[in-house]
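The following blocks contain the structures, represented as structure tokens.
Here come two complexes built around subunit A, the first alongside subunit B, the second alongside subunit C.
Up next, the complex of A and B:
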């Protein structure tokens, strides 16, 4: 697989899996504004994943849906940070804050890339991510002196370098396989001959 | 078949989520070319996660095909769409439907301080005494604001 396709899949898998994790707050976030915010952020991340999968699919001669849902869990290239199921708010916000900062750096590098197609898509994604960063920073300011939040930041911080550098990724958490069961259930249960 | 006829047909295709505006009002049609009886339309999504993307693409293809030409709608995944591309007419239609149109794109990216400032006007009473309720709203392209003058919540288009 080309280096370009590997990079596209690493980023797309991060965005898809994080989008699913963010969507787990739909309906049960601590208050209504956050229910709306995390649902919207999840929708954006999955939209970014789709666009990145479409570029990769063209290189690999397949489709975005096949890349998103027809691989085995061990074939995904996402970082462990996005895989974790974090049903407590302080850890969700800590991950959100760490991820958005690392993603901003990553997008900055892609925007400066010689690969015009990738640079153009990164610029589009970054316009949307501005609002995610605002939201993450708003929450950081609210919680920065709360011991539970600072402990969550310390706990998750070691995982953030692998967002910037896919070369640091090795292996997955058991939580990815559990998420994969849910995420691919509809596609795996399709009757023969189903078209999408 | 002329390019103007294709543009006219596209101007009748409503945005599926805000049907008061057309895809041409929104500025998402980037280019139209007609060659040898085939129409090629370049379309840039507003937000990449927009669930209406396929519906818009299919409706555009159908409306052009109804002119009796073969239609191809290409989705362009780059940064060429901005809320600045929403036409003056489109902005007026949004305002009349109770949505506050987006602020112009600036060289620097938008900030929370800006969104929390009083630079946004209520589409109902025109007051600038409005506050940010939520960066996010019912669709990715909108934020929620509240007008302290007429006590009315409203939706503000994000600047992209």
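Up next, the complex of A and C:
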């Protein structure tokens, strides 16, 4: 697999898996406006994943759906940070904050890349990510003196380097396989060759 | 948590109209939520986000002498137009 396809998959898998994890708050976020906001962020991440999968799919002679849903859990290239199931808000926001900062760096590098197609897509994605960062930063400012939030940041911080540098990724958490079961359930329920 | 009233402008030059309200812990959240709920689908070119306390509500409108000519329903134009046309010997424009 080309280096480009590997990189695209690493980022796309991050965005897909984080989008799913964030969407687990739909209906149960701390209050209604935040429920709408966080669900929308989740949806954006999945949209970014789709665009990245489409680029990768062209290089690999497959489709975005096949890349997103037909691989085995161990074939995913996402970082452990996005895999974790975090059913408490302070850890969710800590991950959101750490991820958005690392993602901003990553997008900055992609925007400067010689690969025009990739740079163009990164610029497009970044125009939405601006609002995700704004959202993450206002939550950070709100929670930064809460001990539970600062503890969550410390707990998750060691996992953040692998977001910026896919070379640091090795292995998955058991939570990815559980998520994969849910994420691919509908697709697996249909015989191969079903059109979607 | 406080309430912000959101007004939206659909196209440049048009008046802002009340869109709804958002509940938010502070102004930054209010702006973000307003953008999300009333501006993300191309339905607005601008929003006003106003703390509810900044809105003055007025609901006393005194009219002790019943001067109905101040009111739209106090001045039925239809009847007056009909009379005027009869006097002038012309018919309503839609009949022409």
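Just so we're on the same page, the second predicted complex is superposed on the first by the 193 of 196 C-alpha atoms of A that agree within 3 Å, B and C clash if a C-alpha of one lies under 4 Å from a C-alpha of the other, contacts with A are read in each partner's own complex, and residues count from 1 in each chain.
Operating definition for what follows: contacts are C-beta pairs under 8 Å (C-beta built on N, C-alpha and C of every residue); 3 or more make two chains touch, one makes a residue touch a chain.
Only a predicted model underlies this, so the values are computations on that prediction, with no experimental measurement involved.
Steric overlap between subunit B and subunit C is present once the structures are superposed on subunit A. Using the contact criterion defined above for the overlaid structures, shared-chain residue A:40 touches subunit B and also reaches subunit C.
In the superposition on chain A, A:55 makes contact with subunit B only, not with subunit C. Looking at the shared chain after the overlay, A:130 reaches subunit B, while subunit C stays out of its contact range.
Ranked by how many residues of subunit A each touches, subunit B and subunit C are led by B. Residue contacts after overlaying the shared chain place A:110 against neither subunit B nor subunit C.
Legend: residue contacts after superposition of the two complexes on their common chain; A:142 is shown touching subunit C, with no touch to subunit B. In the superposition on chain A, contact is made by A:31 with subunit C only, not with subunit B. Counting contacts by the rule stated earlier, residues 33, 36-37, 40, 131, 134-135, 138 of subunit A appear in both its interface with subunit B and its interface with subunit C.
Considering their complex, residues 33, 36-37, 39-41, 43-48, 50-51, 54-55, 117, 120-121, 123-125, 127-128, 130-131, 134-135, 137-138 of subunit A touch subunit B. Residue ranges on subunit C touching subunit A, taken from their complex, read 1, 22-26, 28-29, 32-33, 35-37, 40. Taken together, the subunit B residues at the contact with subunit A in this complex read 47-51, 77-82, 109-112, 115, 133-140, 144, 158, 160. On the side of subunit A, the complex with subunit C involves touching residues 31-34, 36-37, 40, 131, 134-135, 138, 142.
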